[in-house]
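In the part that follows, the structures are each spelled out as structure tokens.
You will see chain A twice below: alongside chain B first, and alongside chain C after that.
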Partner chain A sequence: MTTLDTAPVAAPVASATRAARAWRTLRSSRTALVGLTIVAVHVLIALLAPLLTSYDPVANDASHALLGPGWEHWAGTDQYGRDVLARVLYGGRYALGVSVAATVLTVALGTVVGCAAALRGGWLDDVLGRVLDAVLSVPSILALLVIVTALGTGPAVIVLAIAVVYVPQVVRVVRGAALAVVPADYVTAARARGERTWSILWREILPNITDVVCVEFAMRASWVVLLISSLSFLGFGADPPTPDWGLMVAENRTAITVVPMASLAPIIALATLVVGLNLAADGLSKAWGVDRIREGS
Partner chain B sequence: MLSFVARRVGAAAGTLVLSSVIVFLAVQALPGDVATQILGKDATPDAVAALRGKLGLDQPAWERYAHWMRGALHGDFGASLVSSRPVGGEVATYLGNSALIALVTVLFAVTGSIVLGIVAGLNRDRWPDHLISTVSLVGMSVPEFVVATVLVLCFSVALPWFPAVVLYGPEASAGRLLPAVWLPALALAVVMAAYIVRMARTSVIDVMASEYVTTARLKGLSTWRVVTRHALPSALLPTLHVIALNVAWLAGGVAVVENVFNYPGIGKLMLSSVQNRDLPVIQAIALISAVIYVVCNLAADVGAMALNPKLRTGGRTR
Partner chain C sequence: MASIVSVNSLSVSYRSGGRDVPVVHEVSWGVAEGRTLALVGESGSGKSTLAGTLLGHLRHGSRITDGSVHVDGKDVFALPARELRRLRGTTVAMVAQNAGHALTPSMRIGRQIEEVGGDVPVLDLLEQVRLPRPAELARRYPHELSGGQQQRVAIAMAIAARPKVLVLDEPTTGLDVVTQRSVLDLIGALRDELGLAAVLVSHDLGVVARMADEVTVLRSGRVVESAPTRRLFTAPQDPYTRRLLASVPRLDDAGLALVGETGEREIRPRAVLSPEAEVAVSARDVTIDYGSSRAVHGVSFDVRRGEVLALVGESGSGKSTLAWTLAGLRTSSGGTMIHASGDLARLAGKRPLDLRRRVQLVFQNADTSLNPRRSVGDAVRRPLRFFGTVQGRTQAAARARELISDVRLDPALADRLPAQLSGGQRQRIGIARALAGGPDVLIADEITTALDVSVQADVLRLLDDLRRERDLACLFISHDLAVVRGIADRVIVLRHGVVVEEGPTEAVFAEPGHPYTRQLMAAALEPDPDARPLAADVADWADAAEPDSVWTDHGHGHRVRRWRPVTTDGTVPTERTVTTEGVA
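So, the complex of A and B:
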């Protein structure tokens, strides 16, 4: 068919203009640019952590426990004498690694299911809607705790658990966006050509809801980071002695009057990362005119 | 309108049945046998088999589900594996304590976010607006345990006004728990209000730009009267709606904050029952939370429709 012949030629052109459009958006939206820069700095710090500090984030040193900020330990040490700055710098690895994996999985699954529901409609959509409502009615923290208890802690389990909890919400948002695209003439045309559901989804629907999916990704990532840190804080996330921000706050909270920096440093790291993600989500949604549908986490 | 309400109630009931099945299946999937757990690891196989029979664990899953649901409808959720007391009563006690926090939280969050939202909306793009937007962005970007920790540092350590941890058990009276309610509620309200302020601000800006506000102003009404008569109700409606939809989030936030303050509420019970694999308690909490969530959503939908004439005829909310 002729459509198949022209497709490979058309695709690069389309993606080039899309990249150009995305760049224009970024340049026009200062909020998005600032947000993405903050996130990029966090990624760089996490990757370059060994170059930025000479301390081992898990090495105990009882003779230097509970020190305040000083020349040797810029952010002081915790109750085991571990360097707080090193733990904060390395802490980004766990937070970012698990969050990125969980968000990618959640948004990818949610997008595919949401698009499929919008495209197929009928009983599939109805049944799916009911099941998602039911899953959403169970408190997400309880679902997370049960999954983690059943399968054991570990990054893979947490990624899976977060996907279970957040996919229904992504499905709702993406389904809503896809429903607006489905009645379009080019989708009807693709159906008339006899294209398969999967290729309509990939080639007609998805390119037209990229903006919604991108905003959803940034917003979802900010919630995933918060949720993972809360899990760690409650003792169901990162296992000690892993350097993790939520875990650090939990460990150093009791000594907060002695070494406030040990709790404050991971809090600042966590807050700046989430502020960056929120700014990115805000800026992108404003630049693209996407309604940020705010639902509870 | 009545048929719409009936349809929504029917859908809500269907959702609840489905969530009860999901809850049941999920908890069944937890590793470990209840009978072995009660009797300990050294129990003889005969004793374990006898207890399994007594608890009905040898029956097929759907029969156990039916039995559990029959009990649940009568308020009987079985006995806790840890305290061997009736689960229904225990959950109700903890839930009552949490309701105290939830009530104060909603009160704080609604008043705070409405006032700030109106101030930001009326001063659009001037410094109060920027300040409030920045603060709410920071509020959205810190987890509940951080807000709680900072509050403890300020109001328990630096200024010893409120207790940092609760020393009473779940049976303590509301009067004894009351001093310990403020900090957890404030922590939750800060995070919650951060989200609602933006929504209140947007609706205030929309209303102030509307034609009927211009008319009211041209009639010579004072700004104060315009705000109280037009801006306030319009900011209040979406806020209440959002709060009703955020009950699921509140449950999660309550779990974290209650553990920071050692407050004997449903969140603390949730965590300890998961740690102890107290299956009947986990099931009961999940089911009761699902009921609360579904009822609040139903109330939000019906309430939004009753107050918004445009939705009354359409009948579709999604």
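So, the complex of A and C:
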């Protein structure tokens, strides 16, 4: 047969085009770019905190307590005489560290369970659905408080508690996305080969829902950051004197009329991080959505 | 006669990646009142874009770069929005390809037709499109109708406001041959009754030959040839038209047609099957249930190595269900299916690896049968590694390239993503993937249905080559009798999950014994306006099989399920003895 019909397009390597396309998609969305930049700045500040300030965030200095903003302390000091700016800069470490760990765990667990439910279907899907409904019906902060009270505080417990609270929601979203992929013939072909659930999940389904998972990650991260700060504010999260934004607001709210910056600064930091994550999630989902429509899938 | 539609050197381009891609290039054509023009072409020829312009519709991102479209004396693209709305419906109306998608699912049929406007009462319209019991039907929802009925409703909506021009965009694609035939008859009758001009967009030359007065052949947005139907089909001028016509499989081909560059046809004789060829799959009285309804009733067959066995039937006949069951994707509820290396009654996951490897399925829709995020080379390498046919990455890669060239593709395509391949190329990769395990049974489930006719010819030829080279037992599932005629050695005709006729291809096509087979053959459309149907239309009939005498034997393995004629007034002749003899 004479049909060695190679199209005139140069053949690029698949993975390279994928990366290039992801970058193009990203660049096409200003929202996503702004959001990711804000998040990146936050990460950089948290990492470089020791270089940005010479103050120790946990050292008390009674002689300099409750100072207003000035040349020595740009954002003033709190009731123990600690530099507010230093505590805000270091505070990002706790917030980001715990949030990233919790979000990674939540999204990873949720993705695997969600894909498996979509792929296996049947009784597994039914039972799982009802169990998740039950978990979802409990308000998240309440469930979180119960777990933390029972198991004690500490970053590991909080990460675990957040996973329990948020995994059901991730499972819902990912299962929905995976259900759209499961009937495709390439999944059927893998089934006919007799591949294991895990390898179908990894090879056939996951690559086709990475966009959903990424958006879910960014969206979920912003919720987790807020939830962790709420926990700290309520006194169940970070232990004093750890520099943490939620904790700082709680400690300094009594002195809010004297040194408003001590409460305001962590709030601004928290707000910008959450807004950044939200913008990134929003921009990414839109950019990818448009991308999908263009591809006609 | 005055032209009611005239398109003058129209060019349309689509904006993509910062540059203009022309989709239609200086195309001119016109339709006179009461005439039917067909726009014919393969996918990507711009035929649907052209049809859309008659209603002032352009796909998002495309624009007119030159030329004009006049309908009933008005320049469509110069009309203000209000006038354009009035033009659509009252002057031009469109019947879309997939009526199931064109109807609003949550609205009753009657209201939906009313909404179009027009002065003709809804019930009259439904009666006009030959729908039974219009009053009852008007109260139903779209999902309660069959595909053919939905298409009739869509036609009723199109003619509600008594337009002058009817645009039919692939009106019967996706319908069964029998339904297609009746919808086409309806369109033809309405056209004559209402004196409509029609523009028919189709890739199916059989449909065009039956419906059109004039034909315009398009290729990549340019007019290749334009001629009255009879002249185009008897004496095509352009080599492309000739090749297109030659690619269409015919009901009287004795083998697979090989089409040359300029459209000459050469019929390749069927492969001769050695009488000692071993049986690869043997199925006995297989029944398959969907919940409480039975999809396949006791089907038996043998497929031998090197043989192509065709399963033919309309949608809902259970042919795909049977294919999926053989591939281990559904369980059967009765009967036995035996392969030389094991029992096929079990699901794929429970079959031994060697059996899974030997029975492979090729899917109908090449667009969804490859993972869009993985390179096509990866799609072929995976089964190679999985079945342990080769050891190591480099060997797998080398073998995958070999397989890709075995399906007559450039091995350099291995690094591409499926989206970068054409439909025909993707289908070949699908075949290469099935071959990776080194199967001896290949189940081809409507593998050419979604392909253009010239690509279909190539894929069929590839399949024929492969079964000769590799001595494959091939179960070829299709609803298209003409395709089956060229490639299959034996045919099984399925109706509602029951085998009504089976036998060697030649015998079945020469003397179709069962009225259902004859009905299918009568409904098949040949690309020839003067074609006489291979089988005459059939009278009503009823099944007359009894437990101890199911078949009427016609010799040489050709047998027909017993049936008896039913008189048109609905009474059944009582004397069974007279009529149990199958009429040949």
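Please note the rule applied: the second predicted complex is superposed on the first by the 274 of 297 C-alpha atoms of A that agree within 3 Å, B and C clash if a C-alpha of one lies under 4 Å from a C-alpha of the other, contacts with A are read in each partner's own complex, and residues count from 1 in each chain.
In the analysis below, a residue touches a chain if its C-beta (ideal position, glycine included) is under 8 Å from a C-beta of that chain, and two chains touch if they have at least 3 such contacts.
Given the structure is predicted, the values throughout are model-derived calculations rather than measurements.
Visitor: When the two structures are overlaid on chain A, which partner does A:T153 contact: first (chain B), second (chain C), both, or neither?
Guide: Once the two structures are laid over each other on A, A:T153 reaches no partner at all.
Visitor: Can A:T31 be said to touch chain B (first), chain C (second), both, or neither?
Guide: Touch partners of A:T31: none, neither chain B nor chain C.
Visitor: Quick one: classify A:E204 as touching chain B (first), chain C (second), both or neither.
Guide: Touch status of A:E204: second partner only.
Visitor: Mind working out whether A:R193 is in touch with chain B, chain C, both or neither, as first, second, both or neither?
Guide: second
Visitor: Per the contact definition in the header, classify A:F233: touching chain B only (first), chain C only (second), both, or neither.
Guide: In the superposed model, A:F233 contacts chain B only, not chain C.
Visitor: Figure out whether A:A134 sits in contact with chain B (first) or chain C (second), or with both, or with neither.
Guide: In the superposition, A:A134 contacts chain B only.
Visitor: Return first, second, both or neither, reflecting whether A:D185 touches chain B, chain C, both chains, or no partner chain.
Guide: Touch status of A:D185: second partner only.
Visitor: Give one of first, second, both or neither to describe whether A:Q79 is in contact with chain B, with chain C, with both, or with none.
Guide: neither
Visitor: Between chain C and chain B, which one touches more residues of chain A when both complexes sit on the common chain A?
Guide: Partner touching more chain A residues in the overlay: B.
Visitor: Using the superposition on chain A as set up above, list the residues of chain A that contact both chain B and chain C.
Guide: 295, 297
Visitor: Which residues, counting only chain B, touch chain A once they are in their complex?
Guide: Within the complex, chain B contacts chain A at residues 11, 14-16, 18-19, 21-23, 26-27, 29-31, 137-138, 140-146, 149-150, 152-153, 157, 195, 199, 242, 245-252, 255-256, 259, 270-271, 274-275, 277, 282, 285-286, 289-290, 293-294.
Visitor: Mind pulling up the chain A residues that touch chain B in the complex?
Guide: Within the complex, chain A touches chain B at residues 130-131, 133-143, 145-146, 149-150, 222, 226, 229-230, 233-234, 246, 249-250, 253, 256-257, 260, 263, 267, 270-271, 274-275, 278-279, 294-297.
Visitor: Which stretch or stretches of chain A touch chain C in the complex?
Guide: Residues 1, 3-7, 9, 11-14, 17-18, 184-186, 188-189, 191-195, 203-204, 207-208, 210, 295, 297.
Visitor: Going by the contact rule set out above, which residues of chain C touch chain A in the complex?
Guide: 327-329, 348-349, 351, 353, 356, 360-361, 363-365, 368-375, 378-379, 382-383, 386-387, 408-410, 412-413, 415-417, 419-422, 424-425, 433, 437, 458, 461-462, 465
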